[in-house]
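Here come two complexes built around chain A, the first alongside chain B, the second alongside chain C.
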Partner chain A sequence: MNAPPPGNSIHTTPTGGEGDLTLVGIVRRFGLVTALAGIDLAVRKGEMLTILGPSGSGKTTLLKVVAGFETPDEGDVLLGTRAITFATPAKRDIGMVFQNYALFPHMTVAQNIAFPLEMRKVAKAEAAKRVDDVLNLVDLGGLGDRLPRQLSGGQQQRAALARAIVFGPRLLLLDEPFGALDRKLREQMQLEVRRLQQHLGLTALFVTHDQEEALILSDRIAVMDRGRIVQLGTPQEIYRHPVNRFVAGFIGESNLFQARVASGGYAVLDGGARFRLPASAPPEGTEVGLLLRPERPRRLANGAAAENSFAGSVVEVVYLGETVKYRIRLDPGFEIIVRWPFQSSGGSPGKNERVTVGWNGDDLHLVQWS
Partner chain B sequence: MELNAASRGRRRSRMRPWHIGLYAWCGLVFLFLMAPLIVVFPISFSSSAYLQFPPPGWSLRWYAAYIDDFAWIDATIRSLKVAMATTALSTILGTMLAFSIVRGRFFGKSTFNQISMLPLIVPVIIYSIAVYGLFAQLRLIGNWQVIVLGHTVHAIPFVLIVVGAALRTYDVNYELAAMSLGASRLRAIWRVTLPQIRPALVSAMFLAFISSFDELVVAMFLGGSNMTLPKKMFDNIINAIDPTIAAVSVLQIILVTGILIVVSKIGAGASPAA
Partner chain C sequence: MAFLLAFYLVPVGLLLLQSVEGGSLAAYDKALTDGLYVGVLLDTMLIAAYVSIVCLLLGYPVAYFLAAAPAPWPTVGIIFVLLPFWTSILVRTYGWMILLGRNGIINRLLLESGLISAPFPLLNNMTGVLIGMVHVLLPYMVFPIYAVMRRVDTGLVSAAEGLGAPGWQIFRRVYFPLTLPGVLAGVTLVYILSIGFFITPALLGGGKVIMIAVLIEMQVRQFLNWSFAAALSAVLLAATLLVYLVLRRLFRSDLQWS
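Coming up: the complex of A and B.
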């Protein structure tokens, strides 16, 4: 075990044993379409890793490959040190929570949860005990005799989760499991699932297109785009240091500018505006993307200064409770989005009001444009 | 609110003539469909020796004639046997066929699908002659099992249509979930998919049963001297023209209605939660 820790580099070729689930060079094509273009990924024991990507990025195909519903054209899937690339789903020891839960409607909740135990020929008494335990664990004690349709959305989800973990699987797969819930319940369930996963030390692979959800739930996030993992890292790393324009645009709100690095630590935008760059600027002439998160710019009072400052007028005001989101058209001819705390005593600008905004070079984050 | 009520009132009054017309039309259609039954029931209780309507008097003699005649009972038992075997065979084969056509990805699938509907399109008489030729060569004419085979080919399209439709709307994730929980594909289908499409299976079985129990032409060619109930009824009309046939018809109607009630009871149980 002298290999360095996998870190953030997505090019580390994982070796068996390093991760609980290891994907090596997974390729899957459908006709002329390449759904997965070489995926290398190691999910560590006990971690919740999220595959985040827009629809069509290949995340669902990846999930199917792991679950065994698809066979990759190239590459290997390892669970621990065991290759399961061609194993049937039944022989994989993976618990899965489906998007719409897929609770069997003709069986009671208890029968649903007992199903994987029955398939594993666990003795009746032992199975009943384990079903009882897991029902209590997910807070469904006493509801075992109900049919799935007699449960609320949140309860159905808990039942689906219970069914996926009752047989002690090596890996838990979650396929957009919160999509069907309303916002409040969704947040509650997210935290509950996270707590349970940590409590039981489950290794989990979670697939979603919802970046907010990914940020809340994950130990690490793998961002997918067009069949590749473009960035792998902790939620913080991904939010603070997106590697390219795609990730920057996909995670959180952002202002993105295309610019060319000029002399003296400046960059010139398409429209001619000049931005002061952070200290670690690339060489002159490089095409770069500049990312400015909406909470970074400040409103400058008369006389205050910043390395980059522009005057402009407010085009749109959206109240989000604690904070207010503004769309501001700056005089050089581009728009930015900013988020400022709400100030009651007339401190927040209104629509069409003139404001001066400023930010420093270090507030900008450089990303690959292409 | 008032305006709303007023406009609704107006709309209802404008609808009224249409409604009366619609009721009248439905009544006529209903009468048309029921007319044979209305005639058959009284005739079966007739005291006359001829098919005569309205009957001159009442008796149960034709029911007695049916029960006392070994040939009738023999034909009935044979028909039930054939229909049940046909139901079992065509439901199993048709369901398997439905799975392969709905789920499968193979070359020539749509042609294959159309070919499996052919028994419904080919005229029965042509089909009958063809299977007669086949089984005559094999010297199997007269065996009830041969009628079962002939009827099964005919019943498969019904099963395919009904079960296929159910499978097309079935969310395959249930099956995948079962597989991820440790079931083999076959086990997942048996424990999860089939119970959920039970209403369709029951309807398919009913259609298969009826299509065989009622069938005359194929049975006539393949049955030889071993008659099924429809063949016996046919012969009865040709030779005797006594109201026994009306009594048999009534019993047949009661049997089928009974099955239909049972079917709707079983079939309604598990509707797939969509």
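Coming up: the complex of A and C.
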């Protein structure tokens, strides 16, 4: 383990009062690459907080710092009020569910789950009882004698979860745990994990690159980009009010336009098209990003009006069941994606059909462009 | 299959026929009841056990080094393990004779430095045979273990650590059990090769350490007792198969996951 960098001892003593897990100014560099460029984060007690970011954003390094597999160059990690920055993983009191579950293949499910208890020298009878309880909790009752490879993917996932929570850890870490499951099972497991986490009041830090998963599971989401947390908020806040182009593009489907604010509450796009802006528009001349979620534009019937309306033709139609996704080339020379409910009696436009699309200024959301 | 039949099964069949020459089991009777020959068989199995244990104790850390060290050390290490492997066994055995003899390099160094006053008996005894055999057979232990270690998921080690296991518990409960298939393969290989070893015990044992292969050779070359030699060979073959089955049986429950 690295010795603490000089000056670390006079580092602002973190209070640790606000969260169960508190990260203070975490910096981690690999050679010239800065993987974590100053992370401050507090995970509240009983909360499921998701670290969301693309690969290379630093989320995995952050997880390793919390778990103890990496030591930060600067900053502190606190569990409650206890600094664990330099503690070994074994001494952290953190339960972790790994990406591929990391169940010990040579032990039965029950032995796997008993492992952390055994390492904590829990008496045999007590351990057996707790293993039984947790097996029932994750719906694996009666499967304790199986080997991991004799379980299905979903069952392995539950076993891994059981092993991570059986010793009553202070914090639960989930490292992309649903990646290996097929879609249907994944959705089911996500809800089960969420239910269990809420039922037990576990404080959990969940790392994923899957924005949909993050929106479903989280109390709050921290979006990471290039080693920084660029936005922290509830799923709704993140979806509705992304702070910049990166978050807007990463969360959900979106139409993003680069524009310059002009006079009279309008903005001008690169191609010359003009958009009516929301009421809270920035001063004239500002470069802004305009975010238009695909479900916001309406199809305008003859005579209907909207603050922004454009005619165009449908380029692509994708059926998604209840809704249909259209790519529409608008006449000023740009394309947008829209999602409308499917209408059976010929109400949904076909490919190459001419349509008029409209939306109001308030449907647009302003984001930082750079 | 045809190759196996022509060059293995047929000779073995002929050998077995020869061992019951004239329809009598006298040769077997002698091999299995005469204290002298039973003693040699037991000695052989004991020596093979020593060799296997020493090879395991030396080979396991070497295999771990090869599997875990950062580049370029694994490559360098593999070359060092393979180099003696590619050298003729005769050359290596004579090499050990030069090193271990009464006037050998080791004894002379120790004598001249004043550490000992009389030469250590390193050659023409059990010590010499063990050293020579371990040297020859070590790669057969290292490579199977190395192959298994390479496939051990390091995520499991991290998981054990994260679940609160200290270093030696990680080794005892997770890493070692996961490498057990390699250990078993290495031990089986070395043990079976040891039982039938000839050149090294013949040369380094100096006629004092008689292993069963040496005994068989004596029967053929000195006593021309082909029938008895064949019977001893059959016993050796049976012992080898038995050991293999016993080892497999012994570790079956530990390996059912693999």
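Following the convention adopted for this analysis, the second predicted complex is superposed on the first by the 355 of 370 C-alpha atoms of A that agree within 3 Å, B and C clash if a C-alpha of one lies under 4 Å from a C-alpha of the other, contacts with A are read in each partner's own complex, and residues count from 1 in each chain.
In the analysis below, contacts are C-beta pairs under 8 Å (C-beta built on N, C-alpha and C of every residue); 3 or more make two chains touch, one makes a residue touch a chain.
Note that the structure is predicted; figures quoted are calculated from it, not measured.
Student: For the three-chain model obtained by superposing on chain A, do chain B and chain C clash or fit?
Tutor: Overlaying the two complexes on chain A (C-alpha atoms) leaves chain C and chain B clashing.
Student: Pick one for A:Pro349: touches chain B only (first), chain C only (second), both, or neither.
Tutor: Neither partner.
Student: Going by the contact rule set out at the top, does A:Pro294 touch chain B (first), chain C (second), both, or neither?
Tutor: Neither: A:Pro294 stays clear of chain B and chain C.
Student: Between chain B and chain C, whom does A:Phe167 touch in the aligned arrangement: first, second, both, or neither?
Tutor: Both chain B and chain C are touched by A:Phe167.
Student: Report for A:Gly53: first if it touches chain B alone, second if chain C alone, otherwise both or neither.
Tutor: In the superposition, A:Gly53 touches no partner, neither chain B nor chain C.
Student: Pick one for A:Pro235: touches chain B only (first), chain C only (second), both, or neither.
Tutor: In the superposed model, A:Pro235 contacts neither chain B nor chain C.
Student: Quick one: is A:Gly154 in contact with chain B, with chain C, with both, or with neither? Answer first, second, both or neither.
Tutor: neither
Student: Just to be sure I follow: which residues of chain A are touched by chain B in one complex and then by chain C in the other one?
Tutor: The answer is residues 67-69, 88-90, 92, 94-96, 98-100, 102, 104-106, 115-116, 119-120, 149, 163, 167 of chain A.
Student: Using the touch rule from the top, collect the residues of chain C that touch chain A in their complex.
Tutor: Going by the criterion above, the answer is residues 153, 155-156, 158-166, 169, 173-174, 177-178, 180, 254, 256-258.
Student: Mind listing the chain A positions that touch chain B in their complex?
Tutor: Per the touch definition, chain A meets chain B at residues 67-69, 88-90, 92, 94-96, 98-100, 102, 104-106, 115-116, 119-120, 148-149, 163-164, 167, 173.
Student: Could you please specify the touching residues of chain A with respect to chain C in the complex?
Tutor: Counting only chain A, the residues touching chain C are 67-69, 88-92, 94-96, 98-100, 102, 104-106, 115-116, 119-120, 147, 149, 163, 167.
Student: Which stretch or stretches of chain B touch chain A in the complex?
Tutor: These residues of chain B touch chain A: 171, 173-174, 176-185, 187, 191-192, 195-196, 270, 272-273.
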